[in-house]
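The same chain A turns up in both complexes below, where it pairs with chain B and then with chain C.
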Partner chain A sequence: MLKYSIKRLLQSLVTLFIVVTAVFMLMRLLPVEGYFGDAYDKLTESQREAILQKMGLLDPWYVQIGNFYAGLLRGELGVSSIYRRDVPVLEVIAPRVPYSVRFGLAATAMSIFLGLAMGIHMTRHKGRLWDKTWTAYIVFVTSVPSAVYLLFVQLYGTSLFKVPLLFDKYRPSSWILPVVSIAVTGIAGYAMWMRRYMVDELNKDYIKLARAKGLSDSAIMTRHVMRNAYVPMAQYLPAAILATISGSIYIESLYSIPGMGGLLVDVIQRQDNPLVQALCLIYSSVGILGLYLGDLLMAAFDPRIQLVKSEGAR
Partner chain B sequence: MGTNESLLSVRDLVVKFNLRGQVLTAIRGASLDLYEGQTLAIVGESGSGKSVFTKSFLGMLDQNGWVDSGSILFEGVELSRYKSQEEWRAVRGKKIAMVFQDPMTALNPLKTIGKQIEEVLELHHGLKGLHAAKAAAEMLGRVGISDPEARAKQYPHEFSGGMRQRVVIAIAMACKPRILICDEPTTALDVTIQAQILDLIRALQKDFGFTTIYITHDLGVVANVADRVAVMYAGQIVEQGLVEEIFYDPRHPYTWALLSSLPQLGVKHEPLYAIKGTPPNLFKPIKGDAFAPRNPKALKIDFEEEPPEFFVSPTHSARTWLLDPQAPKLEPPAAIRALRAAYERSEA
Partner chain C sequence: MSDAAKATADARFEFAAYDADAGERGGYSNYSYWRSTINVFLKNKTAVFLLFVLGGLLLFTFIQPLIPGQKNPLEIFIDPATGIQYRNQRPSAEFWFGTNSIGQDLWARIWSGTRTSLLIGLLVGVVEMVIGIAYGALWGYARKLDRAMTEIYNVLNNIPTTIVLMLLAYILKPSFWTMVIAMCATGWIALARFVRNQIVIIRDREYNLASRCLGTPAGRIVQRNILPYLVSVIMLKTALSIPGTIGWEVFLTYIGLGLPLSIPSLGNLVNEGRLIMMAPELRYQLIFPTIVVSIITISFYILGNAFSDASDPRNHV
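Presenting the complex of A and B:
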């Protein structure tokens, strides 16, 4: 297990390196005019040159990337170049992290709880009215662009429940709609997979034996079907949780939540390279960590999975 | 054996299924008696209704199936009247247990062997914790698994196919049932393991004194283990009797055909015997003898009227017009005559 963990960790680092390098290179391919924003026309050629020089953008690409990784190894992510000039990147990001994490966690808890419950409910009513009702919900949520129904949630939710239209950190009720909005898609996903895995298990032979033992349907459901359906779910869970935390970019801007998602959109548009790089590093680490945790979690749940080859024959 | 009480008595059982709006009659009036301590083998080709028939004793028909008429009397209780799953659970696994065909998939891969046995003990005997674990390990030992305490903590994937079938048998035996139904218990196993499993079931039967029903299409298994044989065709028991009576004095043309298709009875360099045609469509009502269309020597009446049950001896009966006093005398096929001759020689 330890050997496997270390091996996977090294693989994850390679993946991370590739992702971060790709982002770095892509940012360098953007037109240089973008670095000046509205001030472009007011600057002379030499002033522009000086600014680019100061940002280190005139060096050859391999020097730039070398500097970036050298800084990274020293634990330095650099300073913001445009968004909040000369403020260390971490200082810009840090106050925003708690918002994203809190919203993400709240929404994740809600989607797992309601999603699994919905999936179980669908399985128990397979082929009947409830199954079809929830399926309709899942189809709606996955096929209609989220911008459409999320706007409805915001507009009608606000007037229906008398909660604020935008996020306000001094009013707890303003949390409700953003969390619900993030959870709406998550619930559909968890419900769909849970139902699918449970139905898979239900059709297996050992369920027949469990029934022949005399177990009641509800005991079969809880002790066998649900327990076994959690295994494939477990692999998918951490990645989904982390995706929720990082993937609420649209919701953050819809409700003006000062989180990381909104910041990323902002700094890409304004070509603040150090900030983009740092945020991408965070997001990809989180994503890769999710996959890694999923594998570990599945191995912990499923005795058949041995992450290292066992020595000798059984 | 004939003096024994009937433990399970099935009369004129009709089981139907609803398949996409069409009604299929899987069991068409089957009757059977199971005697205490005996071993009964139910033989027949795929789709003849062997499995469905026995599943109806446990209330384990698929959701679209039901007992339409007839009776299943077990220990003086009419099982066919059972409606709720609660009622069935008093019988299922406790008094009538079942062993399935494929041990590779019959166990939950994520639960230890011990837990899976404990589950039954807990359910039917209220055993908990250490008591249940101890009883489970003891049961594992009884089915021939060495070092049962340690093995009980392992998962199914750490067991071979034969070992898993032993575990499935241990689960079935855990509550000391009156009847053990073995649905093709050796079909999925290696030939060398098959004999071990059959021996095990026989030994357990001696120890625990239960009654066994084998469902099989392997006549070799039948000859090996059975006291009595019931031959099923198209949802009906066409012939039943003691194992010698069925093997050496069969009366139904279908039993003849079934025995003739044993490869061991074929003559070298001659094509193996195969029954022509296909089993009847069970969606439609069947007129006359269900086997008549596949029987080249069928009588005229076979196509018109369903044969009643004729008794050859108190233990042996068959549903064929050939046993009617008015029927022409028809010699069984050569393979069957050879079987009987060999038997008579060995008896003399």
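Presenting the complex of A and C:
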């Protein structure tokens, strides 16, 4: 297992290199006009040249990428070129991360806890009133575009619960609605899949045997059905927790939270290359790590899953 | 025992002739997996009704422009008396769903948009399903390929979609097909991971181990032992991916990479409506497209769940 982990993490470094290089190249393929935004028409040809020269964009590509990796090895991610000119990339990102992570973790915890509980509750009342009620909730959340119902949550939530409309660091009550808004979608997702996996599991023959043996319903649920239903969810859990670093693009703009959500999209559109590269480096590391930890967790939940080749497997 | 009784006993217990085909006949059953699945599915009246609703909706989006008296979704209507556009007109006999902020007919725009979005959803959904399942099955089952395919997944999954979309929009003009290509290029990745996880879970179960010991080729194990086992979850996922595509399109429009306003879609209609929803009297512009999106999503959700239930052979008897 240790050997597998080491091999896989070393492999990840190669992947990371490929991703970052690909992003670097793709950004250089974007039109040059994009670097100037609205100011393009106001600048003369020589002014534009000077700006590009200063950003190092006129060098041949191999010089550019060489400089980038040389900087990376020295531990420098460079300075933002457009978004916040000449501010070190880390200084742009660092203050934003805690907001996104805090909101994200609270919302993820809430989604998992309530979502799984809801899924279990639905399975136990399959085909009856509670199942239908929660299904209606899930259908509503998945069917109405989140851009729409989240607006309504903000609009009516603030007047109903007398909480501030926008996020305010110093008022804890302003934290409630953003967390709930992020969780509303998550709860529905977890509940839906929990129900599906449990219902599929309940149909199996060994459950009939367990029932025939005289095992109580709650013992069947906790010892057999739930243990099997958790396995496919476990794969996504680490990724979901790690992904909180990237924030939520809708929620953070709705409640004006100074987090990470939308930062990547924003800097890509404004073609702030150093920031894009740094963010992609962070997000890819997190994504790769999430998949790896997910595999480990899945194997831990279900001992029948073998990630490494052993006897009896291929 | 008398001789007569012996004679009858012999006549009754004669040895049968050896028949080499008898084994084949005994193993035959007229059970067909897909026919049974469809039969069980058709018994679900709600699902069948919603199937007709969706089919009817798609058909109507094609028929609607042919009905006489319908308006052009792109035409800006101008009041002949004042020479000003009919901006933000409430629903009326002339404009059934009202007009938008520049005076286009919302009724015509919604049907044109539904056609665009449903077609994008169906096309992308099918492509996603084919590529996602094929890649996921190979990734999950072939342990030798696991490392290479995991890394390919990591590379593709971590290049931001926004960059790909911006490049595509720069190389090609933003259009229906650009959108389809962009979504197909990036959408299958999530399904592939989903299928792969499911396969990793069951690939070493005892019945597969038994099959391998009996020398069943890998391709047959995947097709006969593993994929049928997963039909129910894969179907649910695919059914959700079609409305998911519409939701994704809404999101892309939100970040400014959606279809241009000259190609109405549910994405840009919802987004347009969202921008003016703070004025309660203009909310109809948000509510009508949202209702259409909701009908489509609810139908697919219930259809997917019904089909999932029907595809489980334990529900066939």
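We adopt the following convention: the second predicted complex is superposed on the first by the 287 of 314 C-alpha atoms of A that agree within 3 Å, B and C clash if a C-alpha of one lies under 4 Å from a C-alpha of the other, contacts with A are read in each partner's own complex, and residues count from 1 in each chain.
What we mean here is this: contacts are C-beta pairs under 8 Å (C-beta built on N, C-alpha and C of every residue); 3 or more make two chains touch, one makes a residue touch a chain.
Values in this document were obtained by computation on a predicted structure and should not be read as measured data.
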Which of chain B and chain C A:D302 touches, first, second, both or neither: both
Contact breadth on chain A, by residue count: chain C or chain B: C
Which of chain B and chain C A:H224 touches, first, second, both or neither: first
First, second, both or neither for A:R196, with chain B first and chain C second: second
Contacts of A:L209 with chain B and chain C, given as first, second, both or neither: first
Chain B versus chain C as contact partner of A:V23, first or second or both or neither: second
Which of chain B and chain C A:P31 touches, first, second, both or neither: second
First, second, both or neither for A:V14, with chain B first and chain C second: second
Common interface positions of chain A, toward chain B and toward chain C: 204, 231, 302, 304, 314
In the complex with chain C, residue positions of chain A that touch it: 7-8, 11-12, 14-15, 18-19, 22-23, 26-27, 29-31, 138-139, 142-148, 151, 196-197, 200, 203-204, 231-232, 235, 249-250, 262, 264-265, 268-269, 276, 280, 283-284, 287-288, 291, 294-295, 298, 302, 304-307, 309, 312-314
Complex interface listing, chain A residues touching chain B: 204-206, 208-217, 219, 223-224, 227-228, 231, 301-304, 314
Chain A-touching residues of chain B, taken from the complex the two chains share: 58, 60, 85-86, 88-89, 91-94, 97-98, 100, 102, 105-111, 119-120, 123-124, 155, 157-158, 168, 171-172
Chain A partner contacts - residues on chain C that touch it in the complex: 143, 147, 150-151, 153-155, 157-160, 162-164, 166-167, 170, 193, 197-198, 200-201, 204-205, 209, 212, 218, 232-233, 236, 240, 243, 246-247, 250-251, 254-256, 270-271, 273-274, 277, 286, 290, 293-294, 296-298, 301-302, 305, 308, 312, 314-315
